[in-house]
Structure formats: C-alpha cells, structure tokens
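In order of appearance the chains are A, B, C and D, and numbering begins at 1 in each one.
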Amino acid sequence: MADLSKTRILASADELAREVPDGATIVVFKDSGVPMETARALIRRGAKDLHLVTVPTSGLFADLLIAAGCVATIETAGVSLGEFGPAHNFARAVKTGTVTIRDSTCPAVYAGLQAAHKGIPFMPLRGLIGSDLMRVRDDYRVIDNPYGENDPIVAIPAIRPDIALVHVPLADRFGNLWIGRAAELRILAQASARTLASAEEIVEDNILEDERLAAACLPRHYVSALAQAPRGAWPMDMPGRYGVDSGHMRGYAEQTREAAGTAAYVRALVEAAPAAAE
Amino acid sequence: MADLSKTRILASADELAREVPDGATIVVFKDSGVPMETARALIRRGAKDLHLVTVPTSGLFADLLIAAGCVATIETAGVSLGEFGPAHNFARAVKTGTVTIRDSTCPAVYAGLQAAHKGIPFMPLRGLIGSDLMRVRDDYRVIDNPYGENDPIVAIPAIRPDIALVHVPLADRFGNLWIGRAAELRILAQASARTLASAEEIVEDNILEDERLAAACLPRHYVSALAQAPRGAWPMDMPGRYGVDSGHMRGYAEQTREAAGTAAYVRALVEAAPAAAE
Amino acid sequence: MITAIAGLLEGCGHIAVGVLSPIPGSAALLTRARTGARVSIIGSADPEFRTDGGVDLFDSAGQGRIDAFFLSGGQIDGEANVNLTGIGEYPELDVRWSGAFGSAYLYFLVPRVILFRAEHTRRIFVPRVDFVSAPGTSAPNVYRPGGPYALVTNLCVMRFDRAAARFRLQSLHPGHTLEEVRDNTGFDFDAADDPAVTPLPDPTTVSLIRGDVARDIAGPYPQFARDVLGTTGP
Amino acid sequence: MITAIAGLLEGCGHIAVGVLSPIPGSAALLTRARTGARVSIIGSADPEFRTDGGVDLFDSAGQGRIDAFFLSGGQIDGEANVNLTGIGEYPELDVRWSGAFGSAYLYFLVPRVILFRAEHTRRIFVPRVDFVSAPGTSAPNVYRPGGPYALVTNLCVMRFDRAAARFRLQSLHPGHTLEEVRDNTGFDFDAADDPAVTPLPDPTTVSLIRGDVARDIAGPYPQFARDVLGTTGP
C-alpha cells in the first residue's frame, strides 16, 4: 500500500537525517542542488554503514560522508572535487579498503536506476564490453541482443535505493518539489522507496497549480518528508541562487590532503551548531 | 553528422507537411497539443503510405488521416474518439484490411520509443505474456531475465520513426519548444530522426534563457522545422489555451459513421483554404 | 454500485481510474474521502488527481505504486480474459474495437484490478473471448504481482479466485436473482445457493457521496455529477 | 594545440566537451566559429552550450547525435586503452583516481574520440594500462560505432588506426623531434622517418581565436580566457 500518508514537513535537515537508518542505501544526484546540509546532518547524527549510490558521480558529498566514516560501500562512476582537485578521502578509503568500491560508468548508473523507475529487472546498455569494469562488477552480465546476430550487449541490474536525498530550490507546504532542469531527480525519486527532500524555500501556494512551475515538479506523492534548508547546498552551488564557495572548497581540498586534516575538519563540523540553530 | 543546420522557420503547417515524404514513419503523441492542423495539411497535400505510430493511443488524428487514405500502417495501443465514441474510420479500415494494423499496448509503445531514445536495440517490459498481442506481434520476443530463474520477460524492439510531429503552446524564433508537462514529447523527438513542430505562438526571446520555462523545453537541436499554427490542435484541446470543440467532434463522430459521410468531410477539408490563408 | 466498488478498494493507498469511468471514479473518491487514499484520474487536468502524463502511469504501476485499477472489456470470459480488440478472426475482424490500451500490462502489475461493466449480458460475458487482449491468469513462473480481483456489473459483484481461475458470486444487487445472473452469463461460475445481497450504502456513506464525493467528482466528471449525483459543481 | 585539435574536428556537427577542458573547448568553439557546429559543454550553465543534464548526454550519444568527444587518462597505452581508475592491484590500488566517468560508454558510441593529455611522459603513456577503464579496441562483433580517433599532447598529434590497433604519428609540434616523442612514450607507434610539423594557425584562425572563440570561451572557462587568450570576458 503506497502513498497513504501526506508528506511530513520537518523542522530541519537534522530531522531529515534521523529518517535515514544506519545501513540504508541512499542515492544522490551530482549537482543542481547537492543536499550538503543533509550530509552534515548525517555526520552530526553519526550515521553508519551507508550504501551510497552517486548519480552518476559525486564530489564533496561523497568525499565528506566517507571522511566522517558514514559510508560502508560506494557505487559510483567517479568521485572528484572537479576544479578543486582529487577527492582525497575517497581515494584514501578505497586504497585502504575501509570503503568497498563498486566502480561503474555514468550511463550504467542511470540504466540501473531507470530499470527500477520502469519496474523492470534490468536495462540493456551499449559499451562496456572489454572494460575491466565488467571484470570487477560481476553483477553486470552480457546477454544476446534478441534482435541481432552474435550481438552481445550488457544488462545492468535495477538499482532500488531505500532513500533518495534531494535538495531543490523551491517546494510547497504540501510537499511538491520544483526540480527545474534537474529531470534526473525524478528518476532518483521514482526508483527509490522513499524520498527525503530539503528545499531553499517552502511556499504556501500549491506549485502544481502554476502551469509553468508544474511542468518541472516532482509531486508530493513521491516525497516522504521535506525540510527547509536555506543555503542547503553550501559550499556547493545552487543554480540561479548562489554560486560555489570556492574559498571553502579550496580550503577543504587542501586541509583533507592528509588524514589528520580530515579529522579536524569533521570534528569542527560535528561540534558546530546545526545551521538551523545558528 | 548531426545538428549542423539551424531550425528552419516555415510559414505554415502546409509547408511543414511538405517536409513529410510519402511512406515516412511518423509518430504523434495522444494529447497535450495534437498537431491537427498538420494532419489537415498532410491531407491537403495528399500524403500517402504513411506508417503512423501513435503514442501510445490516438483519436481524431489517426482516424482522420486514415479516413483520407494517407495511412498504410498504424502501430497503436488503441484508437478511439474518447467521450465522442468509437473511431469509425479506423475500425472500418482495419476490418477491410485497407490499413495494416500493428496492435500494441501503451507501455510497449513507450518502451520501443525509449529504447530508441537510449540508443539500445530493445527494452524489457513486464506483462504481455499470454496476451494474443504476443501472437500477432512476432517482433515482440520473450527472453530470459538474466537476473531471475526461469523468469521470462518480453523484449520490445526499438521504434525509430523518421519524423516526430508535435504541436506545442509556445516556441521561440530559434526553434526551442516549450513542451510543458508533456515530457513524452522529448521521447518522441529524441527517438525520431527529425522533429517537425507547430506552435500556437512563436516569441522573439530565447525561451531557454528563462529558467522557469527552460526546465520544460525541448531545445532547437532536435527541431528540424517549426511553423506557427494558431489553434493548431483544433478541434481538439490545447491545455491552458482552449478546450475541445465538442460540437465539431460530435458532428465528426456522427457524420463519419458511414463511409459516404467520411468522404464528404474529407472533400470539404481539402477544398477549404488552409487555415493560414483565411 | 459506487458503495460496492468502494468496499473492494478497502485498504488501497493509490487508486487509478480512467477519465471516462465516473462510477469507478466515484467509488475511488469515496475511498479517498474515507481513508485519505490517493486517486489518480487519467486525463484529468486537476492537479490533485492528474497523473504526470502517459508514461508516468505505467512506470508507477511497474514500481508497485498503484494498488487498484479498473478495466472494462468488450468481452470477458470465465477465466477473466479480457477482449478490447474485437470480434471475429484477427486482423480483419467482424467488429473492431479501439484496442488493448494499457490492459496487457496493467492487468499484470496492479494488485487489484476491478473489472467493471454496467451491462451484464451474454454478449459481454462469453464462454471464451475471441481475442485475449489481456489474460486473466498466467503460468506460475510469469512475473505477475497483479491481476483480476473482482467483477462489478449492474446485477452483482463477483470475486475472482486466481488459483482456481474462476469467478465466485459475492453478492447480488437488491432485486436481482442468481438465476437472472446465470441466464445472462455465458460462462460458469461458483455461487452459494442463497447468495448475499449487496448492502445499500449506510447514511454516513450516502452523505459522503452527496457531499465530498459529488464535489470532487464534479471537476473531472461534470456531467455525471450534475445528472446522477445532483450537484452543479464547484 | 587548439588549431591542431580543430583540424581533427573538421566535418563534425556536434562536439561535446567537459567543463574542465579549456583547450579542447577552445578547439570545439573554433570549429563552431568556422562551420556552425553545435558545441555542448558538460556542466556549463550557458543555455547555448549546456546539455540537458547528466542523462541526456549519454542518451544523445546512444542516438548517434554526438560526433566528437574528448577523453583524457591517467594512463594510456599503445592500443588506446584508457585508465581513469588507478595504479596497482584493484581494488586496493596504490594510486586511486576518480573513476571511469562516462568513458566506458562514450568511447564506444562517439565516432571521433580525441585523447587529449598535455603532459607527454612515460608515466602517462605506458606499455599496458593497469586497469582498462575503457578499451581502445573491441572484437568485431561488438557494437562500436565509435572509438579513438587521435591523440593530442604537448609534443605531437597521433592518429589511431583501429584495424591495426596502433597509433601513427601525424605531426610533431614545432621544435619537437621524433626521438623526443619516442623517449617519452612507453609504447611503440608508427611514424614516418621525417614526420610533418603541426602547422601554426594562419592569420584568419588567429583572429578567430582571439575574437569569437575568446568571447565564447569566457563564459564557461573565464580563467582560461583571461590568462591564456587574453580577454576579460563579456
């Protein structure tokens, strides 16, 4: 039985983070509103053993959760801080085996989620054959294209996360989310059992009743809980609202080059009051 | 080599119709702007032997093109005039074999187009096994789910139309289309080699530069040609602009109950001046 | 009939209905008024009820997010096979209907599919459908979380036993007899010798139907609300 | 290098570039200024260049709508295998890089993949990559409309012969020698005894680069436009 309950409106990202049980499989989109405040809230609550699926790649979100010891397994097409350089905590955790890595490639992550989105057990995908990814991902199979002759094609199994974590520019008090051009958030939400959302702004009026907004909305039926988190993507950017905090990102990249610096960064973050209480 | 050319802005739906060669496979969405003026233009130019794919069903669009003898084959999950009753011309043409029918079911039409959209040769789909549709559609195959045990699943081959015909509420002079909630139009356009669009209104400013509109746009790269066609969905509705012309629809349903009435309706349509010249 | 169908929808969280189905629509909205269930009306423009457009409905069903759906048929047989395609020899049929629409998929995926046909005659309820648009039952290895749950007509309510692949009469509408149902049904079905009678709506339900349901249904189905439930809409 | 890459893009209708690739980006924009080709810059906010978001890029490549793409690598070998994953024994590598990103797909689907690496050393150009993130060649029955087309470094331009699975030196950048390239390349490749020299941009091209390209590139790559092409942006 689905959708009986309304979206619950929570007071803060910290309350959202309490909805994520240890060991949950969570999925997060690479940009257009990365739920960084929710990531910090997960660290503050001491989340453990998360299985993190990045769509299809990640940067600070994955690196920071790994740095704080919240992640047991990461499934990703790549983790990098982009113009700010390598993701040191990710690389360290993979090299020492403290995090289990399930390496993928961007369209394979999408294919797995879209299979779940369509309710099919797998999605065919071109490419990949001959890549060592096929050697290390024994869940990726090669099947015969029934419409070809001697035409192998890869089957990517459905990825069905427990929880999609999203951060959006605008939501309404009913739980409808305006996702803008980030149509991928629809895939995340529909492939996942539940969606926990934070929003820069929560408005009173039903945004589905505005035809221009409605065209790019994720309806509340997919959203289990919603909390307001102003500047919730900081220090990453929120397109149309604020840019990346380059100074902070450069500092993070520099400080976390060594494990000791990482420990200090995480300690400061846990000891700081949550953003909502500042 | 793709996309070298800009979208061509044409003077009328009649010019659009001249871009559709006889024998082409065309695809059309069931609502949210049915390109009826383009259908009439196809009839006026005497289009022949079209292979029509309806997404996933159709009403007046398919029935009228069939009535006028433009269609050789129709692939559809169903043709009906909805509240105005059965599609008499469709039923007559199928019964007499003047049109070849490829019966499908709604999600199978989507699956075929989405396979083309993703560049894969087929899409798995649940359901269908045991339906007589599997008997009459020998292009639908049953394969083994590589992730199950003794778990048959249907494979739907990719549908790659030559031309997507769409009608949208708003476009700009660069060829960008605002498709609103009709996200399906993106699938049609990307699965097809070319898209021919008509629009209620064509504006001067680039609609991609308006963040709220941009979220629900199909960019010009997918649009080969665009023509303005005010009330271009008439007598069907254009959500947010005008409703269905129930009087005309009832008259059509009544008049085309017999072949003689159909002939008179089509003759009147061909003899009438095109809408743009009125 | 609205109340009988609503009884079959008990416990459903998300019910999908076609825009041309006012009686099932009313039943779904009655369930909504009682339990807060979500109702999606295919083709509705109302943001409260509309589905995201064509493809979303089928994806939702695939995700297991639709609990109940209604299906009709030009022919329905005793194994709950549904024919929406036509009568005669395919493809050049004697009678051609619109086509299978989503039936060949939703009948497999939605847990409670309620067959609804107001006309209960041997023209509809045949020994064997001419064309199986959507099969009532499947081999055990076929993935099928959904299927036929009940059949509601102007005469009675039947429940479908998926293991036995047979209908069983659940109740007769007031004023109708088992003999009348047998006379008008082309297939065999199970029934108690003295079948129950479909209960009439209690006063609370009547007031819900004339109140909340009539108000909600006037948006997607204005003519039905006006003619049958006696409201002039919002 | 911008001009050399632009030469390799001749005839392409749609070129995709990463937002962190200003030199390939400039070459793509030069091609755009010359022929009207479409350029998509992954991660760009500019409506003229942006792609529809993550999934659209891969769908477009699958549809055959992307003609050229750039790929770099932590290691690249003589069969054009690319390693973006790391050095050592998987998974607990000695050096771990970011990951394969879209390479294991786009390398198969995009007709002209241009390998670009400014640093030409034996650290990068190895006899055999430790991990094949994306293979340079495939068995004949593997669907592969795309693949490696050329390699551009700070020393030279090489073309890749897919049938022979070998690189062939196309030209040396002015001031560099074949011996220098051999010394800095860990794999064997074909070369004429007296290789051609990469042509310098002609005056028309120089003015295009300083004009249209510098203006266009200032949006997605402001720092590069300022520091290298000498513009202050729009």
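In the analysis below, a residue touches a chain if its C-beta (ideal position, glycine included) is under 8 Å from a C-beta of that chain, and two chains touch if they have at least 3 such contacts.
Just so you know, these numbers come straight off a predicted model, no measurement behind them.
The chain pair with the larger count of C-beta pairs in contact, out of B-D and B-C, is B-C. Matching B-D against the pairs in A-C, A-D or B-C identifies A-C as its interface repeat (over half of contact pairs the same by residue number).
Here the CA centre of chain A is 40 Å from the CA centre of chain C.
Chain A and chain D have centres, each the mean of its CA atoms, that are 29 Å apart.
The residues of chain B that reach two or more other chains are 114, 118-120, 125-126, 148, 151, 153, 181, 183, 214, 239, listed in rising order.
The multi-chain contact residues of chain D, meaning those touching 2 or more other chains, are 52, 62, 109.
Residues 111, 114, 118-126, 141, 143, 145-148, 151, 153, 155, 157, 179-181, 183, 211-216, 239-240 of chain A are the ones that touch chain B when the two sit in their complex. Interface residues of chain D facing chain A in the complex, by the touch rule stated above, are 20, 43, 45, 52-55, 58, 62, 84-86, 90-109, 131-135, 137-139, 141-143. Residues 1-6, 116-120, 190-191, 206, 208-209, 214, 219, 221 of chain A are the ones touching chain C in the complex. Interface residues of chain A, counted against chain D in their complex, comprise 29-32, 55-57, 76-80, 82-83, 86-87, 90-91, 94-97, 100-101, 103-108, 110, 114, 125-133, 136, 148, 150-153, 181-184, 187, 239. If you check the complex, the residues on chain D that touch chain B are 11-14, 35-38, 47, 52, 59-67, 109.
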